[in-house]
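What follows is a structure written as structure tokens; I'll ask about it next.
For clarity, chains are labelled A, B, C and D in written order, and residue numbers in each chain start from 1.
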Amino acid sequence: MFFASDNAAGIAPEILEAIGRANTGYALGYGNDEWTKRVERRFAEVFERDVAVFLVPSGTVANAQALAHVTPPWGAVLCHEHSHIAVDECGAPEFFGGGIKLIGLSGAAGKISAAKLREALAQGQWGGPHHVSPAALSLSQATESGTIYRAGEIKELSDIAHERGLAVHIDGARLGNALARMNISPAEATWKAGADVLSFGATKGGAMAAEAVVFFDPARGANMLDRRKRGGALLSKHRFIAAQIEAFLERDLWLKLARRANDMADRLAEGLKAAGCAPVWPVEANEVFAPISHDADKRLQAAGAVYHEWPPFGVSLPAGRVLVRLVTSFQTTAAEIDAFLRALRG
Amino acid sequence: MFFASDNAAGIAPEILEAIGRANTGYALGYGNDEWTKRVERRFAEVFERDVAVFLVPSGTVANAQALAHVTPPWGAVLCHEHSHIAVDECGAPEFFGGGIKLIGLSGAAGKISAAKLREALAQGQWGGPHHVSPAALSLSQATESGTIYRAGEIKELSDIAHERGLAVHIDGARLGNALARMNISPAEATWKAGADVLSFGATKGGAMAAEAVVFFDPARGANMLDRRKRGGALLSKHRFIAAQIEAFLERDLWLKLARRANDMADRLAEGLKAAGCAPVWPVEANEVFAPISHDADKRLQAAGAVYHEWPPFGVSLPAGRVLVRLVTSFQTTAAEIDAFLRALRG
Amino acid sequence: MFFASDNAAGIAPEILEAIGRANTGYALGYGNDEWTKRVERRFAEVFERDVAVFLVPSGTVANAQALAHVTPPWGAVLCHEHSHIAVDECGAPEFFGGGIKLIGLSGAAGKISAAKLREALAQGQWGGPHHVSPAALSLSQATESGTIYRAGEIKELSDIAHERGLAVHIDGARLGNALARMNISPAEATWKAGADVLSFGATKGGAMAAEAVVFFDPARGANMLDRRKRGGALLSKHRFIAAQIEAFLERDLWLKLARRANDMADRLAEGLKAAGCAPVWPVEANEVFAPISHDADKRLQAAGAVYHEWPPFGVSLPAGRVLVRLVTSFQTTAAEIDAFLRALRG
Amino acid sequence: MFFASDNAAGIAPEILEAIGRANTGYALGYGNDEWTKRVERRFAEVFERDVAVFLVPSGTVANAQALAHVTPPWGAVLCHEHSHIAVDECGAPEFFGGGIKLIGLSGAAGKISAAKLREALAQGQWGGPHHVSPAALSLSQATESGTIYRAGEIKELSDIAHERGLAVHIDGARLGNALARMNISPAEATWKAGADVLSFGATKGGAMAAEAVVFFDPARGANMLDRRKRGGALLSKHRFIAAQIEAFLERDLWLKLARRANDMADRLAEGLKAAGCAPVWPVEANEVFAPISHDADKRLQAAGAVYHEWPPFGVSLPAGRVLVRLVTSFQTTAAEIDAFLRALRG
């Protein structure tokens, strides 16, 4: 009953095996190895176009360096006010970007609406040179509220952004979960919908420590090698990070793992609903936000369930309820869900 | 015959097994796990004192964040002019330090002498506020020339540094190799000799991607958690980086692996000397710098040997010779050495 | 009829004369001159305590360096969401602070309330290390809405801030205007009310280009000399910036000039009220925010009046009205006010 | 007898008068004024081409922002090892450039030779991405040793730099002195010889606090407005900095003032030579470096002469001599020179 985060899960067996298989003989460091070359080609296939790919060991550094690469120091990144980059990365984008500014936009269920983005661009004070200039739009897919942007929504937001010269970044720490839900291709959910740069997440999905920054226009990735190195994010025994990603992408493992996590979230959501604790936001990925009673909370904790309380962010909870975040992963089992629901009901 | 770098080696089996053993059940992310707690205690034992330890995935980020933590933006780091931090990290210390300055000191065989350090501190233009102020001394152990600082040398340099208020940093990417050679304790080679902060290397020694920043005065590590996070160097599935270090330290595995690499370097050095290519700098760790003839160079490359040519840095080579760097690792075999020497001799 | 900004005014004659008087003979550069020493002593008198003073040529650099000096890179500055530092300095605090984060708090009439500050500190996600940590509270005196904080208000806010370990900064670009209104001493309005560091403004008040960063605990100013130099804000012919400030402080010139500006603002406000355009926020310094009709707007512009339209920031304007900001200065004359009011009335 | 620095001089009367003349009526702030527009046009005339001009209050911020604008964070600036940017600006270029690296090249009399530049580019370790990449060449005109680069020398160095894609920056804090000596046009000494960006100095030449960053290709100045603002270097009452520069350029005042300073340096040099203290480097601008006896040093100081001792930088001094730097300015009189020489001779 461990629902604290999907990063509390371990390594998917296929990925751990791939690390082991890569552990033979010698390979040049810093990405000059066959695993890395293969993974670069594989990304091009997955996204159906040439891309520039840079593997890094954490989602925070992926986001921060991706944003720094498309935002000048006097630029602003528009993002959801509760997004990971705005709240949970201790100012990493500001640091890597040389003091860029993140502008948090409000929006229900963790999502930025087209209307809100238009308003921010129209009514904000920009440039001049007294004000920062909007340089990037960052969307979280899935969002921090467990919801997802449909391809059409991304397209609409991207069009607004591009019209004003902003680059579009997707924080895809849980991209697999979003894709598994939508049943559209990686290309459709990213560059075909207007994304310029993607933080492709593998760690939460089942890897040990592996993320990728993907530029859909390879020219945009020029000098990212230098940024990654001086940002401390270039691993020396690079074949092992590449091997993780390779296994993750192999025969759509990432989507299979994501689907499993999503299925568990659905099972959990249904049980919560049946128990009168219907999730407050649509369950579209692997996160469930449920208002439970204080008694249930106590029972669950006593039973050993692990999860975090969460701010309701504008949702009004029934009296006597607390909002909790429950995150499933590829590792979650139906038995865990059922045990949780039993403890919930008391 | 792969001598390009010790990061071309793989993962030591004991360490890979430890990753596998850690891959069971759930664990809270970001260092809130049992592996991390154990490894922190283990470091205290290894260094015979309370320390503050921060695990990070690359040596570059370990060095850069360690230096940034003990150097104000207007500070200077004195280091060897050919040190890794000065030459090979693409400006990472400058970036993480908010624009600190690295002052490269010359010195034979990759080492800074006490006289040179005294001269730099006495004759440099410091503070005022027109000039930067010396804030840290960084020593590489082993050096980029494969030599090592004896404990007495570190003590003398540290005393000079401390007298002027500088912190003493050791880039210990190959600390194990140095220790294995000297047969002194980790404490004797570091804080007992005056070191304040250490980049403890495990990757080159046999880990997959694991380094540690160790503050010998734990108070000095205050807020390093924040720096690591915003620097993108906090891994989410942290148990796996901790498990690597735990196995590395377990029953002195790190020293055993280092000793094996050193032994291979010695074997190589002897063979080179016998072949008239005596190393130009003392072989004290796992790096051998040998002047070989252009013909031998061709023969070796034809035979599949992999290594880098190296600038002679003030050493005058015999005519017709080129300096090459040969790095051994825990993975190097006597058979590889012997094959190399055969190809060398032609 | 020039009400665009108080920086559109010229140099007060007394200050220009002081520059001229200082233009004799030689003086060592960079602050090693008698004018600077005198001005430092004068600040101690004005504030009735030892202070550390650093003269700089712009308000932006004063604010940004003051904040950077009391905020670590992983720190947050809490400020009003419409404050100059948050909106009008193109990210200077973020840049000088190495990527610090500014957290904008809402509040009527440009002011932060104690309740709002308490809420932000209590409900925000801080530290951890996933989140930035609150490090400073910045108050604008007078505010961007032309209102002022009374000493008791500053005290209450400072107490809340200090309890959480935050430093208290005052952006005093218009401190003179606030003081002239309150008739309390500089000490009472700053450190006696809890301020730790002050951006002391002289430019808007009548100087040519002269501001001062004042640390009320001189120890807190340690190394600010270095920060100022490397931030490009140390003037070489320093006697001339010191001479400006000296004249500004001489026989309370700054307060006299501020009083004149305030009086003109009052005259303007009265006239506006009489004309049915009562200011939307209390006129407590030298800025008047008045809702005028579109017709009046046209008439005024046709008559040559210069001012900026302003966002109403939550105030609902009568239909057909536009909010305009009218800033008076020491240079404003009653005749200008009266001409403006005539044009307004048509 | 004040030879400590040319920034110890005051304001040239013509420039002070211009400030006074500008002090009438109102003018929009931040450069939106007539003085600024005129000065921009004037620069285009002076340099015989369209340029992008940005006025700033200090030479340090001019250099640092100019370099930051043409150097990516992973870039290196090649400069003389004793240049002002490398030694005397407390790391400002590193700070403004986000951690760029300055590579100091040795060279006699403060000058970089073509051979040295070629060697540095050929033998340095660049890019890769382990190493920083050379991005700019910075030349000081006149140099810190009081020498100057002839147009042909600049051309040769620029050609080498441009071939490798480096931008060429001139630190022209004393450009007027160099031009006055060479009797060539500003265009010939800058962009016609290959310079891309210039820190145009006025302060040392006679202004109060006024410098300009000049991009010879205006497109290269894009977004410099933003950089200047967030760097705290945009003055609000901008007409007064523009008025200084306007007067400085008016009827070649800058060259007349520089010529006066140079003449005084020549007079001083001749007297020193006659007294057996011939300057160690050619006196080509307004700085004289003379080896004087300890006795003479004492006599001069007793007589009230003010100057700095200087490191001999590779020049071997006669026994019993100390090297002193003597800087003349537009304000220096023949009487001062003669009094100095009398005291020197004893």
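The definition used in the following text is that a contact is a pair of C-beta atoms (placed from the backbone, for glycine too) under 8 Å apart; a residue touches a chain by one contact, two chains touch by 3 or more.
Everything numeric here is computed off the predicted structure, so don't read it as measured data.
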| item | value |
| --- | --- |
| Selected pair, out of A-C, C-D or B-C, that shares over half of its residue contact pairs with B-D | A-C |
| Farthest chain relative to chain D (centres taken as mean CA coordinates) | A |
| Distance between the centres, which are taken as Cα means, of chain C and chain A, whole angstrom | 41 |
| Centre-of-Cα separation between chain B and chain A, whole angstrom | 34 |
| Gap in Å, rounded to a whole number, between the CA centres of chain D and chain A | 50 |
| For chain A, residues contacting two or more additional chains | 30, 73-74, 89-91, 94-96, 98-99, 129-130, 132, 226, 229-230, 234 |
| Sites on chain A touched by chain D in the complex | 30, 72-74, 98-99, 127, 129-130, 132-133, 223, 225-230, 234 |
| Residue numbers on chain C that touch chain D, as the complex places them | 2, 4-5, 7-11, 16, 19-20, 22-30, 56-62, 64-65, 89-92, 94-96, 203-204, 208-209, 226, 229-237, 240-241, 306, 331 |
| Contacting residues of chain D [partner chain B, same complex] | 73-74, 87-91, 94-102, 123, 125, 128-132, 311 |
